[in-house]
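One structure below.
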Amino acid sequence: MNEQQIRRLLDGVKSESVSVDEAIDSLRDLPFEDLGFAMVDHHRALRQGFPEVIYCAGKTVDQIITIADRIVTRGADLLATRASQEIYNEVAAQLPDAEYHEAARAIVLQKDHTIRGRGRILVVSAGTSDIPVAEEAAITATVMGNEVDKIFDVGVAGIHRLLAHREMLTSASILIVVAGMEGALASVVGGMVARPVIAVPTSVGYGASFGGVAALLGMLTSCASGVTVVNIDNGFGAGYAASLMNRADTP
Amino acid sequence: MNEQQIRRLLDGVKSESVSVDEAIDSLRDLPFEDLGFAMVDHHRALRQGFPEVIYCAGKTVDQIITIADRIVTRGADLLATRASQEIYNEVAAQLPDAEYHEAARAIVLQKDHTIRGRGRILVVSAGTSDIPVAEEAAITATVMGNEVDKIFDVGVAGIHRLLAHREMLTSASILIVVAGMEGALASVVGGMVARPVIAVPTSVGYGASFGGVAALLGMLTSCASGVTVVNIDNGFGAGYAASLMNRADTP
Amino acid sequence: MNEQQIRRLLDGVKSESVSVDEAIDSLRDLPFEDLGFAMVDHHRALRQGFPEVIYCAGKTVDQIITIADRIVTRGADLLATRASQEIYNEVAAQLPDAEYHEAARAIVLQKDHTIRGRGRILVVSAGTSDIPVAEEAAITATVMGNEVDKIFDVGVAGIHRLLAHREMLTSASILIVVAGMEGALASVVGGMVARPVIAVPTSVGYGASFGGVAALLGMLTSCASGVTVVNIDNGFGAGYAASLMNRADTP
Amino acid sequence: MNEQQIRRLLDGVKSESVSVDEAIDSLRDLPFEDLGFAMVDHHRALRQGFPEVIYCAGKTVDQIITIADRIVTRGADLLATRASQEIYNEVAAQLPDAEYHEAARAIVLQKDHTIRGRGRILVVSAGTSDIPVAEEAAITATVMGNEVDKIFDVGVAGIHRLLAHREMLTSASILIVVAGMEGALASVVGGMVARPVIAVPTSVGYGASFGGVAALLGMLTSCASGVTVVNIDNGFGAGYAASLMNRADTP
Amino acid sequence: MNEQQIRRLLDGVKSESVSVDEAIDSLRDLPFEDLGFAMVDHHRALRQGFPEVIYCAGKTVDQIITIADRIVTRGADLLATRASQEIYNEVAAQLPDAEYHEAARAIVLQKDHTIRGRGRILVVSAGTSDIPVAEEAAITATVMGNEVDKIFDVGVAGIHRLLAHREMLTSASILIVVAGMEGALASVVGGMVARPVIAVPTSVGYGASFGGVAALLGMLTSCASGVTVVNIDNGFGAGYAASLMNRADTP
Amino acid sequence: MNEQQIRRLLDGVKSESVSVDEAIDSLRDLPFEDLGFAMVDHHRALRQGFPEVIYCAGKTVDQIITIADRIVTRGADLLATRASQEIYNEVAAQLPDAEYHEAARAIVLQKDHTIRGRGRILVVSAGTSDIPVAEEAAITATVMGNEVDKIFDVGVAGIHRLLAHREMLTSASILIVVAGMEGALASVVGGMVARPVIAVPTSVGYGASFGGVAALLGMLTSCASGVTVVNIDNGFGAGYAASLMNRADTP
Amino acid sequence: MNEQQIRRLLDGVKSESVSVDEAIDSLRDLPFEDLGFAMVDHHRALRQGFPEVIYCAGKTVDQIITIADRIVTRGADLLATRASQEIYNEVAAQLPDAEYHEAARAIVLQKDHTIRGRGRILVVSAGTSDIPVAEEAAITATVMGNEVDKIFDVGVAGIHRLLAHREMLTSASILIVVAGMEGALASVVGGMVARPVIAVPTSVGYGASFGGVAALLGMLTSCASGVTVVNIDNGFGAGYAASLMNRADTP
Amino acid sequence: MNEQQIRRLLDGVKSESVSVDEAIDSLRDLPFEDLGFAMVDHHRALRQGFPEVIYCAGKTVDQIITIADRIVTRGADLLATRASQEIYNEVAAQLPDAEYHEAARAIVLQKDHTIRGRGRILVVSAGTSDIPVAEEAAITATVMGNEVDKIFDVGVAGIHRLLAHREMLTSASILIVVAGMEGALASVVGGMVARPVIAVPTSVGYGASFGGVAALLGMLTSCASGVTVVNIDNGFGAGYAASLMNRADTP
């Protein structure tokens, strides 16, 4: 449609029913949605292999099903985060191929299993309560075409457990460190590797952990260089950013 | 003096110049300062070997010299914290035996060098900017009769440096961990030893360290058991508490 | 097992089937878990008489039972904190010897009743709402081999009630002060004794108590020396730290 | 002037040059400043014996002198708070009778020394750094016609010193408690008396005292009933409020 | 009892079965509870006409009934705050004379209706949601022997409504101003009267009211002198403090 | 009524039964409620076309119905915000003409549909979770006599979608921008137009959005001039302020 | 230049050296800077009569002079805020027509004195320390083509002073209320008028005013509808927003 | 050296002067620094091409020169951040090859100019006050072997300026976005590219920007996926993390 408008204008120039000056005036005010498709194209190209994502929190089941259906219809892979078992049940009634990753609270419908990352992404977490956020990061990176490893049994108060996994830590391409409480794991891991570390504070803890603020501040002020931070409990964001960093087909 | 007042009263009862009822009335309102001496005695007994301490911040040089003079006159050891070189110079003019510990910003006049601690106190810090607080903790513990060791070259972002001192860490009786930024050192050390760890957050850092708040929260929410925390930059408090914990002559 | 790997390597060196250079290369990358056992041994030795602890908040009943079972099977004493009556009921079905301390919300299965502390630990609290945290501290210290006293009826707004217990306060080896609201009890107690005081802020209170922040700040800025602080509501941490401080068999 | 306007209007009604309806219309929009004088009178009456107060912080010396001059000319007593020695020197050049209270950082020119309070006001403070705020409270109450006592050598970490002044505490009409750090003094004093206690947090302290926030929160959440609080460092406000509470000539 | 112990000691001195030195030693350690009775007596005397108060939040119904029963048995008046209808029903089954003030969420059993205040206490509030806190202040002051007036229909956004009550405002002895949101009512009222104003911030509001923090800060920084502040939602504390200020029988 | 009092007074002056001096005295103390009606009149005049508004949160259904009934009886239009479906059902039973705007959670009974705004008000929001607040702003502006447009599908992370609506943005008279998370939409829109922009932060988001604080701070520190801000989630306030700005009949 | 590129393309279409499809492809990726000039034009048009503004804080004198020179050269009016006397002196050496508004800390070089506002803008402030911010708002509105009134002697603690200016308040088109401390003035003014009120919190105050936070929160939670808020001390922003609201030539 | 110790031990085993059991005992306690070299080696390998960095803030000039000298002596490249002109002058006296990057406040002595990044790093910032932080990020990335572009003239309030650089934005490998105030630039850029975006909040701004907190929160809660955040003003950290992400020689 927009393309048709431009085509009509250019046909007018070609047939000289529209002067060049008139055409310039028209183009000067060219509605942005007319240019928009280029960007959309561009975006789509860049996102190849990326699933479309639904953040379920604060959406009704009907809204989720509608969006999920539209995504799958269009042939894209689907990732729905913060999804309860109930939401999955209703989505699965509509989309029987959708799988539920309980630990990650995520619904996945993935057809394209091409590996797009150049190295492995490693998700490290300490406490058992951090696992949902860590799993959300892992499933996100997986669905975005990465090979993902997980170390979920380490914490700085038992540093030898972490050291025992030194090899896996140093061979990862990108590391995601998920930790609540004081969030010190990010600094320790950041000091052990020379690869990008994405730190995810979690809202795990009580009292002075202030719903993740203690971990967040600890990670932001980490004495280890190369550590960057995402929002509290934002496993998806960490998995997404790690995937961008790990892309093999970009510079 | 107070004792004399009571003695006089009791002599009156004994000689029957004071009736029992009158004596009860007097004792009922017994000024607290009269009982106070017991507490004072008790305090003095408990404090044996403890220096009297002047917190110099917010005091005039005159006030500091007056108090210091009174302490030394009474035969007690002297510790003055947060003291600048200028303050020391003026104090030293009056009390030539006083020494200045520049790194700790402390003035010390110690005559009693008896060791009262049952084990060694170890002060651990990471960054060079944490050193003044760490030294304040160390000098406090020293003047209070403890043998003190220091490890000042370790940080969690280079965990191998810390691990290299494992023996010294595990053989200490009490550990003081001084750290700014994210304060993760307390958790790591706390997880390596089975002895009391006193964590001192420092105001070192910028941005989201918020003048020591990040380190404070990190230490309070430490996942290592056995860690207790003092106020930001409170090296003196840590050294004092460690000395109490290390006393050989108390249960 | 790990020891066997090293033994095999050294046997190879001895029998010259492995060159010294090859052995150095192997040792250079010696997996940390191989060194880990020393640390584990060391830890186990230090922890003798210490129960294994389960923090129940945020764990499923199944997880709790599984961990509890493993702990008891291996012969260790068990302490489970933040446990509801419901959790206890299910644990007790599996482990009939487990006892429930309702006031402390703790499950205990203790076989080793050796006293390991050199003095008595005193838990002091003010309001009735602070009692759960105070009891958690007390049961922790008890299970870790200490004799524990409790004073639960004192508050700074009725200072004479506190003074009435002066003797018990001054004869304790380690004091744990549990208080919500403004947390002033820690300063007052800290000024009355010359022993370590561990202050535990509680989330009791409303309005400007901000879930324990007022008490926490009050305790951190206490004008009494020798006071150290743990996280809000962290009765377990206080009991654990007090036990470390009170150990008779360490320097 | 305003009165004249109304008088003119009423004269018009009386002489029937102004109809009642017109007068009602005029009065309906009666400028508020015309009613204002009643309020001013009322205020003046209520304020009898109260000095006019200049808060010097953020004012130029010229502004201060101009206002001071106007106050004194009109016969009122003068109180200028947060005044440096330099400000005083310049004010004294103009108003030679003005006195400087250095400890309170206050300039006072008081001619009316009538006692208007029914009881004595007692100002209690702990640390030497709290003294300027305490003295500001004391001088304010004094200039407003009260007899004021001061206890400046007490702190909760040495509770016996406070108890020694029990009699003075319980005989005061109104108590002002000035404290920095954790501000616990207000709770302890509040629990010892059955009179109004005004708590003044001070910005004294470092680290987690956060410029008086710790003391402020401690005082607001005080477990002692009858304690009310003013702004951090607001000695003047406390002295003013205490004077209002102590007024003999009001119900 | 304690008096008997002292009497026995003094009798021993009188009969010379106890030496003066022995008596001094005994007195030196005179248990504080022995002096305590004076304080208790003193307290009881001061509290005459004051009800005993139970803060119900965080207490079980059984605890409340037990305490209430003990208070009433001893002949004292009873005030129980933060009490639900359910709590009242159970208390009333035990104490049929107890009345429930629904708006104040308070249980009252008052036999002594003597008026002890010298003037009237006025409770002013703005929004309908502030009423429970305002009523709690009013009922507290009433039960403590004061005549109490209430103005509940005023707010600073309609200043004329407040001005309409000018007379009642200026004739009150003590004013309690209850306000949520921005808490500006305290400043406006404080500027209209020359009597003590106790400001009570409420947790009413949303967003940037932060559960009463906006009102609290507004009241603490009020530009009106003579305003003091209590904790957020602390209607009881305001009523209690106002009663202390209004007592006719104290200086 | 009040008018009658003044009339009676003026009649007295006219008939000389009241002297001018007596009348001045009476007027000096003229109760404020007597002047109040002017203000009420004035207010009513200004508010012509403005509905009366009920903020339902924290009110009982009975209170809401009573107030609604009184408003409608008096002939005014009605707007009730933060109203659930349940509340609407009960209101509709009483006021069958009332309509429910589910998305805005608002009850509206509007008879006067006069357009009073000089231009169109545009409500822009980004996420689907911001819609309730945006709709509340829109319905408020509508009921207050404005033509309102809505763009609900734009967000700064897809800037081309926003640019596509450039024309609608630049032709609006007043813009309301509703956004949670980082609230950046206000700055971007503010930079694209030269008309007043009212920014409404929403509590949408998790972690470091802190219930709308991130958006609030972002909007307050917006680098775009001409942006003003209302409270978190305050859609009504934004709609009301926009209506005031858009009034055609005022200067 | 960009126009030339498009012209060249269109000439190619016209001369058929470029096919319509090729042209569409080129236009699809049309660089945004090519469209940019439209927006710039548009912006310039909208800003007619608006001065260019330099925020001097954090800029060097050289930078300020360079920018000021460029602005004046291009014929625009100049407003430089947060400018010290020193900065003015150096600017004036270069631009002798520039005037310094000391109270507003602003440099102004205004040639276009056309009045563009439809009504008057009124700036209201309370304390003398708020005046710089109030004056910055006033000068901004003035230079942007508005008639501006000022009331600087009012505060809510003396409400009658505010009421005395009722007429000026109600006749203003837009009101700017500047206040520090508790910021209550915005609510009171907002309740007295039916026009847009822009509230500017100032960093004036001490203690719990927290550098303007108390005033900011008070203004955001104002119970008066129609109040919007700008950043702390942002007098310029308020003057700018008020000017946008007051524009006569826009809808 | 350490290697020599192990070699000696193994030689002993080989020559049978050391038994296998003795060797195992020695290795069990193998000092960590002996293993450390592996890590050091590994680190050195990974860091090839990375400069050694000195954070100058809080270090004396002597300390800086000593460390700088040691770094250069050992042949490494040098980067010193937060360095004043004075520091540079003294460093340059010692190390004449060192260059000063004034805008970045950085001292650089770089000999190895190998490009190690696979793509270009783009640093984007908005205000002129953000430039020092942006330049610090740029110089860090440059010295670490990357090609770096800079766009310093864009801000979200003038979105067309940003759009004009669309091509440069989308062709970058890694983007660093530096912004103060509300930090919205990160979200807008993050929405325009499909590459990793590192957001750096700056402490630029006043009032509610709270020293960078507003920007920090805005960036953490960014609605654009793929954005990670570093500490306030941490340009170095952003440049370092970007370099890790851009390394060509790692997976």
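Just so it is clear, A, B, C, D, E, F, G and H label the chains in written order, and each chain counts residues from 1 on its own.
Going forward, a residue touches a chain if its C-beta (ideal position, glycine included) is under 8 Å from a C-beta of that chain, and two chains touch if they have at least 3 such contacts.
Predicted, not measured: the structure shown is a model, and the values here were computed from it.
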Next item on the list: Walk from subunit D over to subunit G along touching chains and report the minimum step count.
Entry: 1
Check: What is the Cα-based rotation angle between copies subunit C and subunit E, on a 0 to 180° scale and rounded to a multiple of 5?
Finding: 90
Next item on the list: Select the chain at the greatest separation from subunit H, using centres from the mean of Cα atoms.
Entry: E
Item checked: Reference interface E-F: repeating pair among D-G, A-G or D-E with over half of contacts shared -> D-G
Next item on the list: Please flag the chain sitting at the greatest distance from subunit G, going by CA centroids.
Entry: C
Note to self: Need the CA-centroid distance for the pair subunit A / subunit F, whole Å please.
What the structure shows: 39
Note to self: As a quick test, compute the distance in whole Å between the mean CA positions of subunit F and subunit H.
What the structure shows: 50
Item checked: Mean-CA-position distance for subunit H and subunit D (Å) -> 55
Checklist line | For subunit G, residues contacting two or more additional chains | finding: 35, 163, 192, 207-209, 216, 220-221, 225, 231-232
Margin query: By the document's touch rule, what are all the touching chain pairs in this structure?
Written below: A-B, A-C, A-F, A-G, A-H, B-C, B-D, B-E, B-H, C-D, C-E, C-H, D-E, D-F, D-G, E-F, E-G, F-G, F-H, G-H
Next item on the list: Going by the contact rule at the top, pick out the subunit B residues touching subunit A in the complex.
Entry: 126-127, 155-159, 163, 181-184, 187-188, 190-192, 205, 207-210, 213-225
Checklist line | Touching residues on subunit D, where the partner in the complex is subunit B | finding: 128-129, 160-161, 163-164, 166, 204, 206-209
Note to self: Which residues of subunit G touch subunit F once you look at their complex with the stated criterion?
What the structure shows: 42-43, 46-47, 53, 118-120, 170, 173, 192-196, 198, 216, 220-221, 225-232, 236-238, 240-241, 244-245, 250-251
Margin query: With touch defined as at the start, can you tell me which subunit D residues reach subunit G in the complex?
Written below: 31-33, 35-36, 39-40, 57-59, 63, 201, 203, 211-212, 216, 231-234
Notebook entry, point to check: Quick one: in the complex, what on subunit E touches subunit B?
Noted result: 3, 6-7, 10-11, 13-14, 16, 20, 23-24, 27-30, 35, 38
